[in-house]
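Note that chain A is present in both complexes that follow, paired respectively with chain B and with chain C.
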Partner chain A sequence: MTLKRVRLFVVMAIAAIFLLAWVFPIIWSLLNSLKTDQDVLAYPPKLMFSPTLEAYRDVLFGSAAILPNLISSFIISIGTTIITMLMAVPAAYALARLRFRGKRFAGFYVLATQMLPPVGIIIPYFLILRRIGWIDTYQGIILIYLSFSLPFAIWLLVSYFEDIPFEMEEAAYLDGATRLRTLWRVIIPQVRGGIAVTIVFVFLNAWNEFLFAVVLSGNTVRPVTVAMFNFVSVEQTLWAKLAAVSVLAMLPVVVLGIVAQKNIVKGLTVGAVKGGGRR
Partner chain B sequence: MSLFKPTRRAFLKAGTAATALVGLAPAVLRQAAAQEADLSPYKSAKIDWQQTSGETITVAVIPASYFDNLIAIAPQFKTLTGIDVRFEKIPPAQIRQKSVIDLTSKTGIYATHAADPMYYSLYAANKWVEPLDSYVSNKSLTDADWFKFDDIIPAWRNADSIDGKLYGVPYDGEVTIQVYRKDLYDAKGLKPADDLATFVSNAAALNTPNDRVWGTALRGVAGAGQNMYIYPSIFREFGGQWFKGGKLTVNGPEAEAALAWYVELMHKSAPTAAANWNWPDIADAFSQGTLASYIDAHSSASVVNNPEKSKVIGKVAYARWPKGPSGKRVTSIWNWGFPINAALPEKKKKATWLFIQWAASAETQARTAHRFAGPTKRSGVNRTSIWRDPDYVKLMNGFGHNFVEATMESLQSDTDVDWRPRVPQWPAIGDTMATAIQSALSGQATVKAALDDAQRRVEPMMRG
Partner chain C sequence: MTAPGASAGEDSGDLGRVLAQRERKFAMSLLAPAFLALLATTTFPLMFLIWTSTYRMDLAMPFADGFIGLENYRILLADERFWSSLLVSLIYTGSTVTLQVTLGLALALLVMDMKRGQGWFRLIAILPVVLSPAVVGMIWRTFMLAPEFGVVDYLAINAGLGSKNWLGDPLLAMISVIVIHTWQWTPFAFMVLLASLASLPEDIYEAARLDRATAWQRFRRITLPLLRPAIVMVVIMRTMVALTAFAAIFTVTAGGPGTATEILNLYAYRKSFTELSIGYGSALAVALLIVTIVISGLLFALRRAK
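Let's turn to the complex of A and B:
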């Protein structure tokens, strides 16, 4: 019993150390976002201070408001996620279940697009968007985001579709269901967890993307990841405002994470740990 | 001398320090746009400002107060010329990337952009930007007597020229100078350093980490515009030459002595974290009273005098770079200039030139500096005449003792156009050098090993 307790204590202590390392930057940002510029720079760092929402007021409604940028980020991320899922689910199902010519090649091609270093394809993307007049537009950025979110989503979903026992599908066919009806009524409810995981990852990737956004966006469409960079100016870093924007930019992802948590855990376990397991 | 009387109080009262650096309140913008809407000083130029009326140009700038001031009065330019200017603010690292993509793909998105002077070699070698001499001398586009091109600070004009041809017109610039705590220096009977050895001994004398005061700090973080912004001055002061027998050489005895000086100073008299600091971190630390001195851009004076943050207001003074063993002082030679994108149609090129002429003119420089209605005034104006204007001098000397003299003398006597190697391969070379410097500063490599490794990496770049 004592040994067990000691072991538990050691495990908890190690977990606490890791947790501290991971949580510290977030807590630090949160605290800084509630400080004045003077308090941010104070040494020793102030843990007790009179909190102010001034930084939030400034970044939401002030001269350098990032509200339009948050809206830009939402439109891009939600747009990317919806289109990705609409295309990835049937594509993943097809790769997992159907037999067609060039299937292996198609699978490899989808994976290959993930192997390109993004910085190498910025200029071609820029030229294409420029040619069709889509620089600094939502459709332009979403189109480019699809080029990496779609292969990622397809590959993630294929493994979930492959886990569904074929017998379930057969049973549906025997009952007279069409393939589409089977997919919709039988298969998709079974891969709910996988779909939730994919949605979270696709949304997260689009929300946090910076490299393409900074090159392909402009004054009209400017996601928050690009806008917040302007708080690190050549003259000084506006720490309190930067922290406030970071906290605001973190919020939607945290909320999405909490909402989808149950499905994520289920989805991850099924996909990764159980391997070819059955639900 | 009466010109240089410190008028800190009036200066601070006017709220001149760098507050609200990212954007200005809309009310201030409107106020600034309305200010001095009198266009007669521009109309006295003998050119037709309306010759490209109806054009629209996009100008990329960085988020900085000196560009915010320009954006604020841009409606005056529209009224004067009929040209619509669309500004896009892009952070410094990305503005280089985006403009190079735009220039290399000849898409002509940015008619002009705030350009890094170190990039002109690359731009000129590829003919991505227009040589500007023909614009300066074209009587229908430029009234030479009105524009007074020679009034623009020569060091910055030279930095924006390659092989005698002008490729960019300086808008705002800076030089690196010594910034020190006069109260701490006076208490120990120290004088600002005249040579690098004294700078080291001053820093050592004031280095008392137990009291949370370190002797000094120089930019340590890796980057072509970070530690490779400071190191070239030290290298040149130690007698280093970038080219030996026509070959770019970054190692050798002078380089080793220069980097060893940098490393030793940072180890002995700077906070450990400074190895990873950029200049805003240094200015913030100094403003909190934890540094006795630093060498960095003169424009940092606005941060260390920011009444909302600084604890050292009234205790700051300035001096030129200390001399190196070669007997030379070498400051940075930096400005944000405006080139003309060569991919533009002719009419847009003309419109862009009119914009550049307007932005770089003495009148606009004054309107965005001491005569600006908003809270931030510029310390990097491009005109010698303004640096001699009593109103401007009075305002600038509010930053502390010897500010204007140190800046002007540095600009006139301590600049060296070959402060950094001006070659088209600079972006890659700058990064390679920056990594080498940081590996020596952090103790990962010896000075010699770091520099020899940099040399090995730089050579194929020059061949390619």
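Let's turn to the complex of A and C:
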């Protein structure tokens, strides 16, 4: 009995340590974002302090504002999501439901594009975009984000399209509906949930991307993940402001992650082999 | 499983062919936009990359640019920094993937046995994996690893180890970037393996318990073989990502000190965009592609072998 108790205690202790280790860096950033720089730099680290929203005021509206960068991140992520979905939904439907020669090859091709390391894409793309003047533009960044968001979205959507019974389509055809009309009126409503999940993950991956963004961004278009570097320079680090920016950059994806909690394993397992720009 | 349209025309060949052709045309028009975009953003850059890798192309000295055939690859094979970055890549990938899978599996087994509190784990585990590796890297570099007031350093001081230069010492920097990547992605292995554990049939364990199998025997003979497909899948997925990890190292050490944490991916980036040798950087990226293909080939062979 006592041995069992000791074992239970040890197991709980290990579990608690893991939970704490995962949540701590995030909570700590949140706490630091509510401190003054002096409190951030205090030794030993302060758990009790008088909280202030000064850092948030500075990074949102002050001289070093990253509000434009947050807006950039939203424009890039929303733009990528819309264009990706417009292309991926029809493609995934065709791959999941229609019969045509070369289908297996088409599916394999979508997977194989993911073998290409992102750095191997950005080197040539940098040269091309520089030639046509698309560095530091939204269209340049969104275009190259399709390289990872499209395969990811197509494969995630295929898994949802495959779940719909064929009878639904057949009934619609017998009623004389055209293919396009059937797709739009009968099939799409069936996979609404899958489309919503896909949207969440495409947005999340675009928001978190860094390599392409750091090469292609400039003074006009610079997402928040890249702009964060302004707060850490050789001369000085703006501690509380950096913490506030981190929290602002984490907020949308944490909210989306919790909203999509039930589907996260599916999204991640499709995503990591078959897409996912976050390296 | 016959697709609509095609099934209707099976009795009359002509109609069947017409319908099949119509279905094919419809499929092509649905696929065209996505496939054109994929061609333009993946296949075309790959061709262009191979082409630039045969050029001397230096953004700092454009007057010396020109076709040099396989010269970049000859230089690469004799380049010590290439071989050291390849070694760093293999150490980084091997250690982070091993740590993620063993810790993730251990924790999944532990949580599976818990009667209460599973929900907390499922919720908390989401947090690290949805974050941008760039933000994660920044947080660790500053609030966790900064000398003295960084929490890790504070704990080290209190443990009697003294204040350490976590990102300035080559060995500690390597350990740090490995720990950071492991911190972020162990929850991924944990969630996937927990989901897979939860789907295992209960009655096998019942039988094993009746046979008085020990906990270790049950794990070794039942759980592990049943989990093998899921474990191999996690290993493959995590290996691909670790090989091309970028933000998680770039934001923390930028490959430093010196080239201590410079994985091949980072070397290709630095050569191209910091040192502006696009031609040679392209050759490095092609080398990374070859390494990726070889390693994934080995892993897929492992998956097929029973």
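Heads up, the rule we're going with is that the second predicted complex is superposed on the first by the 233 of 279 C-alpha atoms of A that agree within 3 Å, B and C clash if a C-alpha of one lies under 4 Å from a C-alpha of the other, contacts with A are read in each partner's own complex, and residues count from 1 in each chain.
By definition in this document, a residue touches a chain if its C-beta (ideal position, glycine included) is under 8 Å from a C-beta of that chain, and two chains touch if they have at least 3 such contacts.
All values reported here derive from a predicted model rather than from experimental measurement.
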Inquiry  = After the alignment on chain A, I want to confirm one thing: do chain B and chain C clash, or do they fit together?
reply    = clash
Request  = With the two complexes superposed on chain A, say which partner A:I71 touches: chain B (first), chain C (second), both, or neither.
outcome  = neither
Query = After superposition on the shared chain, which partner residues are touched by A:L41: those of chain B (first), chain C (second), both, or neither?
reply = both
Ask   = Looking at the overlay, what does A:L251 touch: chain B (first), chain C (second), both, or neither?
value = neither
Ask   = Should A:V6 be classified as contacting the first partner (chain B), the second (chain C), both, or neither?
value = neither
Ask   = Is A:L238 in contact with chain B, with chain C, with both, or with neither (first, second, both, neither)?
value = first
Task = Considering only touches as defined above, state whether A:I135 meets chain B (first), chain C (second), both or neither.
result = first
Request  = Return first, second, both or neither, reflecting whether A:I26 touches chain B, chain C, both chains, or no partner chain.
outcome  = second
Task = Please indicate which partner A:N230 is in contact with in the superposed arrangement: first for chain B, second for chain C, both, or neither.
result = first
Ask   = Given the superposition on chain A, which partner contacts more residues in chain A: chain B or chain C?
value = C
Ask   = When the two structures are overlaid on chain A, which partner does A:N219 contact: first (chain B), second (chain C), both, or neither?
value = first
Query = Just one of 92-100, 146-154, 254-262 or 416-424 in chain B hits chain C in the overlay; which is it?
reply = 92-100
Ask   = For chain A, which residues belong to both interfaces, chain B and chain C?
value = 41-43, 123, 126-127, 214-215, 229, 232, 237
Ask   = Can you list the residues on chain A that touch chain B in the complex?
value = 37-38, 41-43, 62-64, 122-123, 126-127, 130, 135, 214-215, 218-219, 229-238, 241
Query = In their complex, what parts of chain A are in touch with chain C?
reply = 11, 14-15, 18-19, 21-26, 28-29, 32, 40-45, 86-88, 90-91, 93-95, 97-101, 103, 106, 109-110, 113-121, 123-128, 143-144, 146-147, 150-151, 154, 166, 169-170, 173, 179-180, 204, 207-211, 214-215, 225-226, 228-229, 232, 237, 239, 242-243, 246, 249-250, 253-254, 256-258, 261, 264-265, 268-269, 272-273, 276, 278-279
Task = Please give the residue numbers of chain B that touch chain A in the complex, ascending.
result = 18, 20-26, 62-65, 86-92, 94, 97-98, 101, 104-105, 107, 109, 212, 280-281, 283-284, 287-288, 290, 299, 302-303, 308-309
Inquiry  = Touching residues of chain C toward chain A in the complex: what are they?
reply    = 1, 3-8, 20, 23-24, 26-28, 30-31, 33-35, 37-38, 40-46, 48-49, 52, 107, 110-111, 113-114, 117, 120-136, 138-144, 148-149, 151, 154, 183, 187-188, 191-192, 195, 233, 236-238, 240-241, 243-248, 250-251, 265, 268-269, 272-273, 278, 281-282, 285-286, 288-289, 292-293, 296
